[in-house]
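To start, the structure itself, in structure tokens.
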Amino acid sequence: MPTVRVTRRAHFCSAHRLYRQDWSDEQNREVFGDCSNPNWHGHNYILDVTVEGPVDPGTGFVMDLKALKYAMKERVVDEVDHRNLNLEVSWLEGMMPSTENVAVAIWNRIAEVMPDGVRLHRVFLQETANNSAEYLGRDGE
Amino acid sequence: MPTVRVTRRAHFCSAHRLYRQDWSDEQNREVFGDCSNPNWHGHNYILDVTVEGPVDPGTGFVMDLKALKYAMKERVVDEVDHRNLNLEVSWLEGMMPSTENVAVAIWNRIAEVMPDGVRLHRVFLQETANNSAEYLGRDGE
Amino acid sequence: MPTVRVTRRAHFCSAHRLYRQDWSDEQNREVFGDCSNPNWHGHNYILDVTVEGPVDPGTGFVMDLKALKYAMKERVVDEVDHRNLNLEVSWLEGMMPSTENVAVAIWNRIAEVMPDGVRLHRVFLQETANNSAEYLGRDGE
Amino acid sequence: MPTVRVTRRAHFCSAHRLYRQDWSDEQNREVFGDCSNPNWHGHNYILDVTVEGPVDPGTGFVMDLKALKYAMKERVVDEVDHRNLNLEVSWLEGMMPSTENVAVAIWNRIAEVMPDGVRLHRVFLQETANNSAEYLGRDGE
Amino acid sequence: MPTVRVTRRAHFCSAHRLYRQDWSDEQNREVFGDCSNPNWHGHNYILDVTVEGPVDPGTGFVMDLKALKYAMKERVVDEVDHRNLNLEVSWLEGMMPSTENVAVAIWNRIAEVMPDGVRLHRVFLQETANNSAEYLGRDGE
Amino acid sequence: MPTVRVTRRAHFCSAHRLYRQDWSDEQNREVFGDCSNPNWHGHNYILDVTVEGPVDPGTGFVMDLKALKYAMKERVVDEVDHRNLNLEVSWLEGMMPSTENVAVAIWNRIAEVMPDGVRLHRVFLQETANNSAEYLGRDGE
């Protein structure tokens, strides 16, 4: 039975800021540049979630993409879209909202609701046309 | 000698429908939603075929992409473009034309004509801007 | 007061066929080529609706784009998405579903619900990445 | 001598919020929806500036696009990129930062530095993949 | 009878150089920058040709897009694709191959073969994702 | 600690030609087709460089993308943009400038400046919308 990956794409628009309260403004600006701007900035994020599993012979599906779409909406998009990633998202609290960290946090949100027999394979998060991050669930070195 | 992957993209426009004759209309609608519409719907599919192999020192090529383009045209695009995936494609017969199944079937069509020394690595099939499937030739669990 | 144009984009996936019952199959194939395939084919259509008007000084809006989005959904997308343009859309009945004709028909659907003080400026309909039509409400020669 | 239009594209990422201090939170939410979120949200804006004029027979240029690129950077992008459109941009002060209003304000910024013999034709501003505004310098009704 | 515009897109890849033999290398570099590089550079051009006319009630077409596609291939793409715009294209001879000039020259190539009852409306030529030119057939001031 | 991949995109426009001096013009044309055109042709290349490593808990970064951007600019883009890949790039000398070979050469340029604790994962190079190559640093068979 073939193992196939399917990907669902979603979009959200958020404000954020990269800075550390325990650093001076100079340190923040040196490391994070314009991204540390105290009055925030924002992005149109593109989110791709890829899952992997055997194709169900009855439906031709690895997973019902409507269910994946709903999980992405319910557990991610509705919580971050038109929100401030530093201030308003409980599952990002205390975390630097870099593309890397947000991708990992989204992985954790989606992994909790994966149906049996389907593996979450990849969370890809594009911040701008030139910058993106992806997490495949691998840890440690 | 470096091992490189090269990808060729093609496009096709097809009609299809997701439904099972052994299910009631209600069951079909419940599982497949609008995709079970009896009068069909269709998509502009994007197909990426990726092959992998050593770079030929004489040509700088993993594979002549004109040959890959021709194989994709001859064995896939000419057979599905402006066609009905449920009714008119011999190598999809008896198969639910989900993105997953069509990707696997395209893999099989292309794999048959891979030249020596080149491995088919990936078939990626995008059905809409938000939905896609990819097959890497892995089976079983 | 500045006059500005705003555009809202939507997507739909439909099946269609270009053919005339009063022509022979040969004539249909000669004029419409693969588009006359009796078992249908389909597309991922992209629809842009542009409206024009003065900017409301209170809201900064030419028109509430949520209202335009809703009009496009209600009067167009819900009626054509995952449908057959030849068989299932009352306002396309008896019409060749060419990109041109569908664009004009969508104009008429949207024009009926334009709020006061806002002009419908343009309906743009993309059938494939290479083919599109646009109607600006101009008639005659 | 042919009259040609040339377009230069730029990108910027900003935070903003649509709200009126003289309205209640309920009114703001009713009219502006999620866009009124008090903790801001943001976008990757795409800006296209189009100028029109005769082609210089010596250079083949309507205008040196490096000069247009520089004007867009100096007068617009450097002032809005990674900034808050409500709080940090002097030429947007006291203005609802809707796509419409920002497009008009950018027109005014660019119009001031147009070289002789070249007309500013169009400022196009895309806020999301589905929403955009364009201003052609036309006023009144 | 509605007047509609239809657009056909094509692609070509060419080398070119912007320079004047009657100028010094310094002058060329000052005006044309990197574009004057003596060993050439090149682009993936995107060409959109838009025609306008009444919709034929029998076919639903403003113009057979296959005929437009063929005209664009025969009269433009086959002559410039994988060619050097300065050296190998008879109808660009003696002309600075700026985006502006190439767009006007393409207009002239296509205008010669427009069928009766259809007006050439616009030639749009994109040189890079950030730079483009369009010609609407207007001359003089 | 999660291991994440981050990708930075850059663009460059170059001329090139695929041909071998030790082959006849006929052989070159047979193998390389239009790509062997003696007067060159060119492309808008898209370059994606992906690096992989643990997320720094202090910054939320795998690597400072400004540093990656600078490395890509300094070591690749500044050397190939608006240049001839056959004639003007020291690190491509004596090499067929196929997409495969250029991708491998870019890998080598970037690998030399990878900071400690970060692995170069992938160099992806798109030559046209339909053709691309990627190298993951794997050699031999």
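Order of writing sets the labels: A, B, C, D, E and F. Residues in every chain begin at 1.
Rule of thumb we're sticking to: a residue touches a chain if its C-beta (ideal position, glycine included) is under 8 Å from a C-beta of that chain, and two chains touch if they have at least 3 such contacts.
These numbers were taken from a predicted model, which means no experiment stands behind them.
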Would you mind naming the chains that touch chain D and likewise touch chain E? C
To test your reading of the model: what rotation angle superimposes chain C on chain F by C-alpha positions, in degrees to the nearest 5? 180
Type of chain C:chain D copy interface by residue overlap (half), same or different: different
In angstrom, rounded to a whole number, how far apart do the mean CA points of chain B and chain C lie? 29
Report the inter-chain centroid distance for chain A and chain C in whole angstrom, where each centroid is the mean of the CA atoms. 34
Two-or-more-chain contact residues of chain E, please, as numbers and ranges. 33, 129
Provide the full list of chain pairs in touch. A-B, A-D, A-F, B-C, B-F, C-D, C-E, D-E, E-F
The residues of chain A that touch chain B in their complex are 1-10, 54-55, 58-62, 64-66, 69
Which residues of chain A touch chain D once you look at their complex with the stated criterion? 11, 13-16, 34-35, 37, 39-44, 81-84, 87-88, 128-129
Contact footprint of chain E on chain C as seen in their complex: 18, 20, 31-33, 95-101, 103-104, 129-136, 138-141
